[in-house]
Amino acid sequence: MTQPVPHTARPVRRQRSASRSGVVLRRWKTPKGDLIVSLLTPQGKLRAIARGGLRGKHAGALNLFHHVGLQVYARPGDELAVIQQASLEGALPRLALPERHPYAHLLAELADLLFQEGEADEYGQQAFDLFAGALRGVAHHHDPEWVALVMSYKLLALAGFPQRTRMCARCGAADPQHPDPFGGELLCGRCSHQRALSPSSLDFLRGVVRRSVRENMDHPVPAEDRAPLWLGLERFVGVQVGRVRSWPHLHAG
Amino acid sequence: MTQPVPHTARPVRRQRSASRSGVVLRRWKTPKGDLIVSLLTPQGKLRAIARGGLRGKHAGALNLFHHVGLQVYARPGDELAVIQQASLEGALPRLALPERHPYAHLLAELADLLFQEGEADEYGQQAFDLFAGALRGVAHHHDPEWVALVMSYKLLALAGFPQRTRMCARCGAADPQHPDPFGGELLCGRCSHQRALSPSSLDFLRGVVRRSVRENMDHPVPAEDRAPLWLGLERFVGVQVGRVRSWPHLHAG
Amino acid sequence: MKYPPSLVALIRELSRLPGIGPKSAQRLAFHLFEQPAEDIERLSAALLAAKSELHTCPVCFNITDAELCDVCSDPSRDQNLICVVEEPGDVIALERSGEYQGLYHVLHGVLSPMNGVGPEQLHIKELLPRAREGLEVILATGTTVEGDATALYLQRLLEPLGAEVSRIAYGLQVGSALEYADEVTLGRALLGRQKIRG
Amino acid sequence: MKYPPSLVALIRELSRLPGIGPKSAQRLAFHLFEQPAEDIERLSAALLAAKSELHTCPVCFNITDAELCDVCSDPSRDQNLICVVEEPGDVIALERSGEYQGLYHVLHGVLSPMNGVGPEQLHIKELLPRAREGLEVILATGTTVEGDATALYLQRLLEPLGAEVSRIAYGLQVGSALEYADEVTLGRALLGRQKIRG
Amino acid sequence: MKYPPSLVALIRELSRLPGIGPKSAQRLAFHLFEQPAEDIERLSAALLAAKSELHTCPVCFNITDAELCDVCSDPSRDQNLICVVEEPGDVIALERSGEYQGLYHVLHGVLSPMNGVGPEQLHIKELLPRAREGLEVILATGTTVEGDATALYLQRLLEPLGAEVSRIAYGLQVGSALEYADEVTLGRALLGRQKIRG
Amino acid sequence: MKYPPSLVALIRELSRLPGIGPKSAQRLAFHLFEQPAEDIERLSAALLAAKSELHTCPVCFNITDAELCDVCSDPSRDQNLICVVEEPGDVIALERSGEYQGLYHVLHGVLSPMNGVGPEQLHIKELLPRAREGLEVILATGTTVEGDATALYLQRLLEPLGAEVSRIAYGLQVGSALEYADEVTLGRALLGRQKIRG
């Protein structure tokens, strides 16, 4: 009597199902009423489509910034994985508050730009934890602006875009202290005509990557000194990473 | 220069779309989450399926007793027409009231039994108007029981099941006045051991089909005399038409 | 070709399950055939164990394997709140929402005379003794005509008993645009509008 | 085979329409080819007429062909009620529900910084002068995070101006069973429960 | 609320297009309203241009803007092969497959007596003069009952004229598993099996 | 709330079945809970019986409960025809088509190196001894790249053994219009055209 081929040797079907869990970075409506979402997961970024999502049972879970568990189904050759089931694992309703909403957008837009699809490298889990923590901070911390600033610099560094703070970005001189109006890094006094940054701002820029999130949060730069930091960040991202549409709306709330 | 074949000569495509408007008589959920509805329309009864209807955008419109406009799509050979669009044309929320709800069920169940699918005969419009009027009456009239009784007899007659009231259902004798405990029609004094019906009940039974709805409504049988009429109706329908599950629940409200 | 009777029997039993048509039943049967014997035995045992160990809670008619269900026997649940639902699955859905800390009452159906379901076919008479002053009963039957009728019927019975009676909200599902809501729902969502939380 | 340029042009223009992919555009083009010339001319004229005659109402930003839109110029509408919506299509949806007799204000979008939409991209500054004591503003933006954020933003601006501010209800769509609602919506439907109307 | 007549007219014209229901027509109309005037004018002009410039080729009844269509006027196409199809759109589908280098003949329909379509409503009489010894006619009407009936009808007419007549293959679509094919197709696929190319 | 362990176990086992997600498994479990005990016992028994009684036919690897399967042991089947398929379910599909009277050979998979499936993981070595002069082998693996690759691999092995080798037809599924077929299938349908049966 012959037994069938054992299960492990059986060919995988053309289609693959997978479970993923992540935070919704963006969502697009297609004209047909489908929903395309981009998520950050511990295994990297994922884009998937929920058919009929705008009127379907997934619309609730697949909201911006929601942490969702997905069952996706991808056939080789399909451009996008199809979402079969979606369940909410966590929501931060306070991100809709006017003083917090724009920062959540900035962080999600940055994350969407910084991480590529299918890149499941060793930093995946770290990136996911950092981003999820950033959203939690923006939702609940009394100073969401500071959370956004710290976490933006942290995300940039993790994605391989650390700012140079030890040498002038133009001439290479040591100990630069002035903002670079074009590249967003630091310039020496000879290369820049702008006023030097405040000591606490300089300390922040030089330490943000190396220090823990907690340490950074505990030593905020005074609110009135943050404008040059935001400006530097915007320039740096614009030059190194790409266009971020949230900038003009950051201080609208 | 050759012109194309004029439009009128062009073959109709294999699929047909149609617009229908009617009242939902019944709805069934399929295990997949589709919704099958049976509607009474001026063109006869129609059964159609709304795919994913239970979670879809049609769930609201396709409720019991709703008057809906449908866009259906039927391919020859398909068992059920598929609902593509559904919009509400009228709802009677008061039909959910405990003292009215069971009568609406009775009328819908009767209509579903009495009218066959695809029968678009000359009575279609009349049947639809009668049934729609019956539901409106049950929803708004101060005496929904009386509406249901009158309209049930009217619907039966229109569907070709008039009661014989001029001769004893067993021996044919004239002027029968006693209830028939088995067939639900009338018996003479010799054929029945039951008490004769009240004069107003007899007058109702003999006149209900011929008189207008308005006339019938204006001359209600006193509530305390209606029990034999309901019993007769139940027996008559049971024998002539088929099983109606609403009976035991008529006076539960 | 004649199929082996035990294959035919398995396909027939599987196709009795809701949502599983004859083609899926056949696919499932072939899939099961390829699985190791232990897997089949575990599924078979799970079926028998579930059937023999589970029953409905005598208080709320939720599914349980104990004398009282896990909600009824938990003193930390809010004893002044009962949520009335149609089916045991609804309890799971509400628990998963994480927004509810009260008790339940499972009707096991809705009023539907044309389907032969009246009050005595549901667990309504067991709900009435639970009603009292200071209790809020949330009627969370579905938003169909039958669900509404059941809610109205219960409200008439419960209010004279001193309970406060409320109905789960009708409105837009979360994540929706207005254009994807039907007219009936939109009308209800407007009527049910609430003062915004600042 | 090279396609006739005018056919190619028509397919290209049609496939720019939302929801119409290249295959549907081609099917539409062939369909139009078979229609009588008058039908095509009527469609073409309707396009041009709509574009030249329609504009947004200067008060509520609804679509109109008159100086004021049909709602703003109707004195029988409730002048103490303004419903704020995202798009002109939402006005039609609400009118169709038959439950609303007040005025409108169409934002033409929602706040969405990552898409470059801030308050100044929407018709918000034109809403503020309409606010006053005795007015109720119903915020009927979608139930997405962006719709919520827009509602909260407007509530902060409108309340100091004396208007009462409410939000369209979240909950179960009409005709739904609990098991088909997602957890987020279920939670909102429980929180938003309302005293039942007897 | 009364909608502006030009909006109503546009929605009505759009909803006449196949596959566009009233809701989609409304969405399209609002979309068009938001587009720049040039885009609308370009669409409108494309419609009129297509209608005035396009007609059917007098030989094969394909769509063209020239005296003869691009296939009929191309001497490099195989003149000994004519593929008979139902609709002009089928020509595009076959051209896109890249597997065909012969000529076409577009019937503009299929035989369907119950819809009033007999041989004289189709471009059949214009096909017969094209038949001759040495010509292969591929009947590529659809695989429906009507498509089959039309193919058999043509075969009876064409064979006596000396043409070789073949039928497009029935079978499994590429990329399919057997379990997803219906029984009729499977039966045809077995009957139509071909010696494998090594 | 904690769910009863036997309920959790049943849901877990059910959700292992292909095509049954966690939500469907939950719905199934609640459904089973409502069924009479006999039904559950019958399902459970059917599972165990199928597993213990069924095995693969040692000749063709179809599923059977006898020494040889019903096809192999039927002398009236055409012994000069073997149809090679991927899975036991394909045998049922072909039998249902009613067009086939020969024998089968079930490979239990297709070549798919990236999934670790090479010739030795399939029942190929058992097919070769069945090949001989006068036999036609119909390769009815799926029309995927893997199915094609498997067919070509088998053809190379079988032809030298004297068997005639054919491939199931590619083409339009029955009931289809050309415009709904993809280009690859259309190209294959043209190439595979057959002389029409008059």
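Every chain is named by a letter (A, B, C, D, E and F) in the order it is written, and numbering of its residues begins at 1.
Throughout what follows, a residue touches a chain if its C-beta (ideal position, glycine included) is under 8 Å from a C-beta of that chain, and two chains touch if they have at least 3 such contacts.
Being a predicted model, the structure only gives us computed values, none of them experimental.
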- request: Look at interface B-E and say which pair in A-D, B-D or A-F is its repeat, using the rule that over half of the contact pairs are identical by residue number.
  value: A-F
Query: Hey, which pair has more contacts between C-betas, A-D or B-D?
result: A-D
Statement: Cα centre of chain A to Cα centre of chain C, whole Å, reads 39
- request: Indicate the whole-number Å distance between the mean C-alpha point of chain C and the mean C-alpha point of chain E.
  value: 51
Between chain E and chain A, distance of the C-alpha-averaged centres to the nearest whole Å: 49
- line: chain C touches at least 2 other chains through residues 18-19, 27, 33, 87, 89, 96, 144, 151-152, 156, 173-177, 179-185
In chain A, residues with contacts to at least two other chains: 4-5, 10, 14, 31, 55, 57-61, 63, 87
- request: Within their complex, state which residues of chain B touch chain E.
  value: 1-5, 9-12, 14, 71, 84-85
Message: For a test of understanding, state which residues of chain F touch chain C in their complex under the given definition.
response: 1-7, 9-10, 12-14, 16-19, 24, 26-33, 37, 39-54, 63-66, 70-71, 74, 87-89, 91-92, 95
Message: If we count contacts the way the header does, which residues on chain F are in touch with chain A in the complex?
response: 21-23, 55-58, 61, 108-110, 112, 115-117, 121-123, 144, 146
Query: Residues of chain C touching chain D in their complex?
result: 83, 85-87, 89-90, 93-94, 96-100, 138-140, 142-144, 147, 151-152, 155-156, 159, 164-179, 181-196, 198
Task: Please name which positions on chain C make contact with chain B in the complex.
output: 18-20, 111-119, 144-146, 148-149, 151-153, 156, 180-185
